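Quick one: structure below, then a few questions.
Letters are used for the chains, namely A, B, C, D and E, taken in the order the chains are written, and counting of residues starts over at 1 for each.
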Amino acid sequence: MERDPSEHPSKLAPDSDPVEPSDSSERPSQVGQLGPLLGSAFQLPNFRESRFTIPPPPRGGAAGIENAPEVSHQPEPGSVRLRCVDFDDQQVDVRTFDDVDKLLASRRPSWSLVRWIDVEGLHPYVVNRLREALGLHTLAAEDVWHVPQRPKAEFYGQQVFVVVQRFRVAEDRLQSEQVSAFATRDMLLTFQEEQNDIWGSLRGRIGQPGSRINASDATYLLYAVLDTVVDHDFPILEKYGERLELLEDAVLTAADPQLLREIHAVKRDLLVMRRVLWPMREAIGELTKPDKTMISEAARTYLRDVHDHCVQVMDILETFRELASNLTDLHLSMTSNKMNEVMKVLTIISTIFIPITFLAGVYGMNFDELPELHWRHGYAVFWGICGALTASLVWFFHKRGWLRG
Amino acid sequence: MERDPSEHPSKLAPDSDPVEPSDSSERPSQVGQLGPLLGSAFQLPNFRESRFTIPPPPRGGAAGIENAPEVSHQPEPGSVRLRCVDFDDQQVDVRTFDDVDKLLASRRPSWSLVRWIDVEGLHPYVVNRLREALGLHTLAAEDVWHVPQRPKAEFYGQQVFVVVQRFRVAEDRLQSEQVSAFATRDMLLTFQEEQNDIWGSLRGRIGQPGSRINASDATYLLYAVLDTVVDHDFPILEKYGERLELLEDAVLTAADPQLLREIHAVKRDLLVMRRVLWPMREAIGELTKPDKTMISEAARTYLRDVHDHCVQVMDILETFRELASNLTDLHLSMTSNKMNEVMKVLTIISTIFIPITFLAGVYGMNFDELPELHWRHGYAVFWGICGALTASLVWFFHKRGWLRG
Amino acid sequence: MERDPSEHPSKLAPDSDPVEPSDSSERPSQVGQLGPLLGSAFQLPNFRESRFTIPPPPRGGAAGIENAPEVSHQPEPGSVRLRCVDFDDQQVDVRTFDDVDKLLASRRPSWSLVRWIDVEGLHPYVVNRLREALGLHTLAAEDVWHVPQRPKAEFYGQQVFVVVQRFRVAEDRLQSEQVSAFATRDMLLTFQEEQNDIWGSLRGRIGQPGSRINASDATYLLYAVLDTVVDHDFPILEKYGERLELLEDAVLTAADPQLLREIHAVKRDLLVMRRVLWPMREAIGELTKPDKTMISEAARTYLRDVHDHCVQVMDILETFRELASNLTDLHLSMTSNKMNEVMKVLTIISTIFIPITFLAGVYGMNFDELPELHWRHGYAVFWGICGALTASLVWFFHKRGWLRG
Amino acid sequence: MERDPSEHPSKLAPDSDPVEPSDSSERPSQVGQLGPLLGSAFQLPNFRESRFTIPPPPRGGAAGIENAPEVSHQPEPGSVRLRCVDFDDQQVDVRTFDDVDKLLASRRPSWSLVRWIDVEGLHPYVVNRLREALGLHTLAAEDVWHVPQRPKAEFYGQQVFVVVQRFRVAEDRLQSEQVSAFATRDMLLTFQEEQNDIWGSLRGRIGQPGSRINASDATYLLYAVLDTVVDHDFPILEKYGERLELLEDAVLTAADPQLLREIHAVKRDLLVMRRVLWPMREAIGELTKPDKTMISEAARTYLRDVHDHCVQVMDILETFRELASNLTDLHLSMTSNKMNEVMKVLTIISTIFIPITFLAGVYGMNFDELPELHWRHGYAVFWGICGALTASLVWFFHKRGWLRG
Amino acid sequence: MERDPSEHPSKLAPDSDPVEPSDSSERPSQVGQLGPLLGSAFQLPNFRESRFTIPPPPRGGAAGIENAPEVSHQPEPGSVRLRCVDFDDQQVDVRTFDDVDKLLASRRPSWSLVRWIDVEGLHPYVVNRLREALGLHTLAAEDVWHVPQRPKAEFYGQQVFVVVQRFRVAEDRLQSEQVSAFATRDMLLTFQEEQNDIWGSLRGRIGQPGSRINASDATYLLYAVLDTVVDHDFPILEKYGERLELLEDAVLTAADPQLLREIHAVKRDLLVMRRVLWPMREAIGELTKPDKTMISEAARTYLRDVHDHCVQVMDILETFRELASNLTDLHLSMTSNKMNEVMKVLTIISTIFIPITFLAGVYGMNFDELPELHWRHGYAVFWGICGALTASLVWFFHKRGWLRG
């Protein structure tokens, strides 16, 4: 029943970013580390530093992005990057800016059917400038900057505002990054927390011959963005699924107390994912409702597909939560069984030797008159009694089934 | 009570296809073999290889079957089989094809009221060709090929698209196979993952005198297909029911740690079945709603019957889940009781012998002056004290009820 | 405290029919016999043979009673009994038949306002003949014969079809029998599985002066039938209530492992009852909805009363389930406490004697120079030390509260 | 950490009737009994005799009060008391009757705006006579007499029928008494099970200057009656709250097995209260719905206040249930901890003495050649080894943290 | 590792008011003090004195503030403070009164668009006078004074009445204070229980240039008040989050029984918070419904933001509750593991020494004929046997994995 830890261990460590194809090529370096992996990989994420558990305490002042600190200061150069993508079904134009004011000053080409402004990095000044220029609601703009927010979809006139959380596993920890998006029919504005080009492959699809994105409006692009975020959860869940299997095998084999930490860590991660994914499902469901006419008919059909994926993710998550919960019970039961085994060994040894030790003690006594000591075969009789006692006890234990495993 | 797991393991395994009537006739032979059953049958299914836990990671590209890899390559000959059944209330015509293009080129007879195309084996090329020929939605076509999907029912104009999962127990493991169906009033298109003729008995009913299928439209045929899939769950559940009974008897008899694995395995299978059956119930319920006019009135009445069966399956499943959960608690309690018993034996033996062993030790001491050693009946008095001590302890234990069971 | 299971087991068994009034008069005799009650009555019902857990596997063929096997064969004489009751507010006429064809051939009297046909025993031929004669739906007719079905109420034009399950305790086991009923305004058709006259007292009420049944239509009679079935659950629940009390007392007194089986058996029975009663409540609730005009206004008011009783039964059942669940926890805790007690005895005895036994061993050594042996009061000092050690340990245990309870 | 049981124990025992002011004056007699109180007060209420768990088995006959036994016999004199209160905003007239026929014969004064008939004690004859005189529905009248019923509110034309349960703690047990009421705009009829004047203070408020009751119709009086019943639950819940606190302190201090009984008893009482209060909340909520025009506008506003109180009671109850459930877990954990402590003492003592006892045994052997025995400082070396062994084991235990707490 | 609970207890206590910014600057000093933190901070709040568990028993008399005791007596001077704030978009006027009659006598300036009367301290006289002057409903006024009430929002004509609870941690205990508010479009009346200026920073925002409050009506001010109350929960939750992390670390390290008390205390606090926050979420949700036209459109948009925060607080709370529940399970498992470890040490030591102690006993016997004693290398052989026995047992234990961990 020994498992060879060197077999296929490459799947154990959650990759720092599971969609990165280059990442999987690095996996072999972790071969041969299954033992330590169980101990060290995926270590108890430090709850204190996990960003999504408690949002930063509100500032207690007036609501709205224009009341945020540093709203009137330009960000440090390089801390925020803006990508502006204009396209119609014929052409695509991608430009990158470091300065929001330059972006706002640049003219939108007349042929541009859809403009996508993608902001990497958050700064109140940038958010506020975009709010003013594009007419966003101040509470929505504050939610972009005041991360993390609960996932939601809100409608302001012909504008839709969506907040979702994108999970990733970095530095052996589950982390989430807020992705916020404002969409109208001809414009999409997305924000992400850090400079990390997560839309690369999506941008690559724009302008490819026959791409549906080019032939559609900005709400279809919003669908594509949400689809990218949601589908990113599948490989992460797969990692947790593999982790649970390993833990299950390990619990059934050894019931090591160390495993409790691991199970607990998995449970907590799943709990945290659930807290984010539940409202996300609702938010995306909101977008697919037929009365939301600011979403184009085509985009709505595709958003239903994203919603299906969200429901599937929740199904898997709940199944994993129940599996993890079963594992805790299983561990407790296996521990009880192990203790039973230990106790049986102790009891068998003690019960066999304690009576005959007493007997040996008796014949070690120094009474003047202790007739058995002078019997001819006294010593042999003594061993005979010991043997008979032991045999009957062994029979008794066998009868009770204590000598088996 | 020793169980030899190598005995008749093949009889223990749930049959590869439980609806086989020959199977039930073999059942009596298993009655006398419950012991071995427990040890080896229904072994912990390997979660990693169970197909339905995590869908394959999405490809990250654009959605739609036309973007699938290999969509423009013909499948290898023999890997996909197509059956085309045309019938009206008078005649039936069944043809089998290996090549989708040949099928599409063949003319539908003018007398054919209903055409049923049944595809065994999945290949993007085949799915895409059928999509083009029959005007299916590209997202639905992708769901046919990108298995497993969550069971669902979707409506596209006068077309209905249904995804269900069919369970089977193969190689000692619970497996699921996706069955997808597109139906209009005069055409049914079904897909299954592997070449495994599961519709044999259904096809046999077409053309039999008085058969209701021949007299009805294609949505009634859809009902018959779904009915076959759902009713297939009953014998599988029956296996799990028998398994739970055996486990229950075993837990109440022996509380072997091995049983924990078995209970855990059953719990996991039930959890997995539930994850699939819950949306299946919803999907079939969706088909019975009176506003779905693409389903004929007659078919709707019969689909309500299928929905009833689905609800019954869920009821049984939830009952089994609770029974399994009770078994875990019961096992823990039985283990505690067993430990209690072990501890009582140890305590009784120790408590009786430890004091008199001390006494024997005392009279084994070599003090110069140890008056009792020289008493006339010292040795007899010693045994008297030992006897009295033992008797009073036995009385004490009897009083506390420790000498029983 | 030894319980002899052979003592008066017949008194312990829940009566075959708990509504018998003679039963309650016998109850006092059971008061003094709680001990034996616990051991033998209400033994673990054999789940395998309990009919309601898994319905018989569907036959895999076409649905409908006309496809059932033996549908064209007459039943064996005596296996099915039919009672035909005709009445108006003036007179009553009861006739019994063995042959369904004779019943169908007999003319209904012109004065008959309500005809009640009661079928005891199920046979496809009988069900099908009645279906043809009375115009029942084939799926409903199949549900009558293909027992057990989930309780439900279905409406076919001016006909209502109701399936309920009637519980009884027979041969120490909880069993259920399906009662199916078709009702129009002037006709009631009921089916039960076995020849067991459960409607005796109800039939007796027909024709009594001032009886509300005679003055009402057939849906009021349907109410009376359902009321009889539902009210039959109260004495059964009362038995389980008494059982739970006995178990509670027993767990708090002794925490015998045998009790676990009993609690488990009660839990399983309650689980099974719940599975049947939950849809039964829904089905009866369905009948009381104001849009069901095939139920007369008067009958609807009375059916609300039956629905109230159903809700009350479910309330009691859920309370019992929670009580039983608490009992399991309580048993585990009591077992832990008992083990604690056992361990304390072992620890106290061991801790007191082990050190002084060592001391006795020391002075049993044969060193040439062992000065204490030659001290004048060496032996007395030895006992002094033993006494002092023991006293201080007893004080230590007293301090920790281990000598109590 | 010892608590002095004589401090303020008067609050521990649930008073026989918590609203009675005279009752609290009797409390001092329970002073000094905290210890025993934990053991004896609030003893496990005898489930068998608790009236509300299972309603009496239905009689199996026709429904309706006119079919009740003894319906045509007058009750024994003195067993039923009727109070008739007539009032308008100027005057009040209270009369007490022993005979329902006399009451019905007495004329209602012409100035009487509201008549309140309060019946103490239940008898079918009285209920039936009132039914005939006041035109009540026979099923409602049966529910008045056939106690206990599930709380509910039913509407018959301009009449409203309400059933609630009033809790009280009598003879150390939680009991419930059914209060039934029929109300129209100008008449209120209330029933209670026993002769126990619970409306004294309410009656006192009628006729007081400025009393809102006198200025309102009979549905406001119905509100006042329900308010009295619901507010009566608060002091009872307060008792349970205090009880839970005491148990919590006790579990964290001692984890006595006796506490398990107490927690179990509290859990059961809370379960029983919940079963009654849940439908009571619904019933009162039903009365506040705006479409119930038989309730006056003013009364409806005040009934919303009663509904608020009901919701508050349920909130508290659910919180208590969760607290009690946590206590069970806590008790199990504390028991485990205690066992751990016991085991550590045993292990420390055994582990220290067993090796050196062996050593002493070695030097008590009688081998001809046992060189150490003849060493010069053999005995001293022996003690040295014993000391060294003990020291290193103590160090080992200290290292593992076993010597703490 | 001994913790001295008297060390720095003042630093451990959650600050009396967590929003104080100076507080967060002090946090780093606590980093090095986690040990002491665990022992003394956040001690088990005394449930008995927690005000929110059970509301004070109702007085049993008529409802309405005018029936409260002392309603006709003026409060003691200084016990109630009233602040009157009048503002429009140009100017602000703040006045403080000790006497409600003086406040009511003072004229409202004609330029005042919004008047905010803030009452600190509750007295029936003051509440009743304001009720009369401002036309409040008597039941609402009673709820202001009869604290604590369940959070709720009620609508009386153009007036809205809101009750919320504000949490704070004072004297190491979680406490709640009721904040009640009446609002119309041009007037806001708020009550709090004690003289504790919690609206300081909010009042400061009135009159600041560009403040949205000045430009809006009184319902926007109501929003600002509710926002202050809800956002106050975040830092409190953060404390509990930190607490849970510390406990988690501690349980995984030591599983001290003391930790159970801590976990239990946290669970209880979370339970109590949940009981208050759940209806608070509903109440605020009620205010955001579009049919509540007494709330201005602008205020409604901002109230949705408060509602979002409430939902977020509930999410966090539920996550914490599940984490705390997992901690209890974890603690039980860790305790089991620790016991396992203790038992293994005992078993290993006993099993090794008990047989050889018996052997030593044998050769200490005084039989006349005990041949081994006279063997030449008897003593060496004895040690050889002991060594062999020990070695084989060590090998056995190693084999079973008992020597690890």
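Throughout what follows, contacts are C-beta pairs under 8 Å (C-beta built on N, C-alpha and C of every residue); 3 or more make two chains touch, one makes a residue touch a chain.
These numbers come from a predicted model, not from an experiment.
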Go through the assembly and pull out the chains touching chain A as well as chain B. none
Shortest path length from chain B to chain E (each step joins two touching chains): 2
Please report how many Å separate the Cα centroid of chain A from that of chain C, as a whole number. 44
Where chain C and chain D are represented by their mean Cα positions, the distance between them in whole Å: 27
Could you check chain E for residues that touch two or more other chains and list them? 332, 336, 339, 343, 346, 350, 354, 357, 361, 364-366, 370
Residue ranges of chain D touching chain E (in the complex, touch as defined): 19, 201, 205, 211-213, 227-228, 231, 234-235, 237-238, 241-242, 244-245, 248, 252, 301-302, 305, 308-309, 311-312, 315-316, 319, 322-323, 326, 329-330, 332-334, 336-337, 339-340, 343-344, 346-347, 350-351, 354-355, 357-358, 361-362, 364-371, 400-402, 404-405
Residues of chain D touching chain C in their complex? 44, 47-48, 53-55, 57-58, 60-64, 137, 139, 149-150, 152, 254, 256-257, 260-261, 264, 267-268, 271-272, 275, 279, 328, 331-332, 335-336, 338-339, 341-343, 345-346, 349-350, 353-354, 356-357, 360-361, 363-366, 370, 372-374, 376, 378-379, 382
